[in-house]
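In what follows, a structure is listed as structure tokens, so that the remarks can point back to it.
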Amino acid sequence: MSVFEREVVVRFEHCDAAGLMFYPRLFALVNEMVEDWFAAMEHSFACLHVDQRKGVPTVEFEAEFLRPIRMGERLVQSLRVLHIGHASCRLLHEAQIGGDLAARFEQTLVYVDLNTIKSEEWPLDLRATMTRYEEQL
Amino acid sequence: MSVFEREVVVRFEHCDAAGLMFYPRLFALVNEMVEDWFAAMEHSFACLHVDQRKGVPTVEFEAEFLRPIRMGERLVQSLRVLHIGHASCRLLHEAQIGGDLAARFEQTLVYVDLNTIKSEEWPLDLRATMTRYEEQL
Amino acid sequence: MSVFEREVVVRFEHCDAAGLMFYPRLFALVNEMVEDWFAAMEHSFACLHVDQRKGVPTVEFEAEFLRPIRMGERLVQSLRVLHIGHASCRLLHEAQIGGDLAARFEQTLVYVDLNTIKSEEWPLDLRATMTRYEEQL
Amino acid sequence: MSVFEREVVVRFEHCDAAGLMFYPRLFALVNEMVEDWFAAMEHSFACLHVDQRKGVPTVEFEAEFLRPIRMGERLVQSLRVLHIGHASCRLLHEAQIGGDLAARFEQTLVYVDLNTIKSEEWPLDLRATMTRYEEQL
């Protein structure tokens, strides 16, 4: 099992007038993780959406925000696969600051054809690569 | 019990390259509802954040996306109060298109002092007004 | 000549950690004006982009920011047509707060086919409607 | 003279329903360059805005968009200093794709005190560092 990780700095534009990260921006960073993960699995979003006309819309999200996140802090984002279904997968995202968990997300996304917006089985090669990120419990 | 509602048109900038609403933008629209609701309760976010140095950060979010949302569609957003705690409240947001539920959110937010980022009891007048939006079960 | 106008309240999410409107958000509000103006001229962006596969990308922008814009202020946005070309048009946007000019933009946009990304002549009916917003000098 | 540069990939969320970069997102990327440049000059935006209560709002912008920018393309952004005034500076930003100029910006920003929103002279050390990025003509 491997974990997909990256580190980002909390930017000026992520923060609101309270000087804290504005949560819709954190959802955008979580989405960037999914995008970077697909790119790392050789299925870039450009290729997926434009060439293949497939998409991975989110159907469910659970989020916990455990501590405020401030401008300039270094956020370590991680992504693990909790479950791979026929046409869906469930991801666990964590965001840590200095070793402390700052936010935690569970996200279910579905593989769909963009012309019909109907779900489809994962392509076999993609599914095989996704399995490597599966959390062993 | 009253429901807080508004109608918005799904804009060009809400949509992604798939032509569907990009979910971080929908979270931003949900946040606008909270902002508009506070303004309707005579506690504008400008007054709250700048003058009083209080904030209402989100600590928990559950979201279900039930159908794709497309550019130009009219989205009816509603907000109900599920529970009012000492320093927190739990909201139910729904987004409907043509009478169909398109997305559903439960959000817990906390009233905090922005200088200390510690939770505080709701002011009595604000709490009394919030009660009017409480869902009777 | 008529002016296309709307009033918006400066929202929490438009403002940065300095409590002032963050300029990329103001460009987004300027873009909303163009979108609302096209909708008022019976060419909604949904219809334009999705059904007709046409777009109106911006090729030039000049912006002056004359005073800070704060959360909660009421912004009156206006749009006038300075010039209509073969396939382009030049717009003057102003944003006022309490009668004072806060920002001023000149924007040139071009009518293009989205499949080829080549410019095309304005459709006659659209061009005729645009003319009504032309500034008389 | 040195040029401040970085390379970014055009993301899913930068693109609109036409599959092209949405220009307010490009202004946000230009703003990120300014933020990264200040950080490289040892004046992070977190320190500047929160600790020192100073800001660098933009007062003027000129932008030219020379070719469409697509999802997945690699954008090389560069920043040069055109002029350093008493309390302001004028920057030249370029964005290139595969060696071709895709967009060009001239931006004037001003150093202000966030409490008074009045301009102030650049600190001497910051000004000295900025000079190293000045374009020799």
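The first chain written gets the first letter, and so on, giving A, B, C and D; residue counts start at 1 in each chain.
Heads up, the rule we're going with is that a contact is a pair of C-beta atoms (placed from the backbone, for glycine too) under 8 Å apart; a residue touches a chain by one contact, two chains touch by 3 or more.
Fair warning: this is a prediction, and the values are worked out from it, not measured in the lab.
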{"item": "Most widely separated chain from chain D, with each centre as the mean of CA atoms", "value": "B"}
{"item": "From the options A-C, A-D or B-C, the pair that copies B-D, where over half of the contact pairs coincide", "value": "A-C"}
{"item": "Whole-Å gap between the CA centroids of chain A and chain C", "value": "33"}
{"item": "Approximate Å spacing (C-alpha centroids) for the pair chain B, chain C", "value": "28"}
{"item": "Inter-centroid spacing, chain B versus chain A (mean Cα positions, whole Å)", "value": "23"}
{"item": "Two or more partner chains touched - positions in chain D", "value": "12-13, 17, 19, 22, 24, 28, 31, 49-50, 71"}
{"item": "Residue ranges of chain C touching chain B (in the complex, touch as defined)", "value": "10-13, 19, 28, 31-32, 35, 44-47, 49-50, 70-72"}
{"item": "Chain B-touching residues of chain D, taken from the complex the two chains share", "value": "12-13, 15-17, 19, 22, 24, 71"}
{"item": "Chain D partner contacts - residues on chain C that touch it in the complex", "value": "17-20, 22-25, 27-28, 31, 49-50, 55, 57-66, 68, 114, 117"}
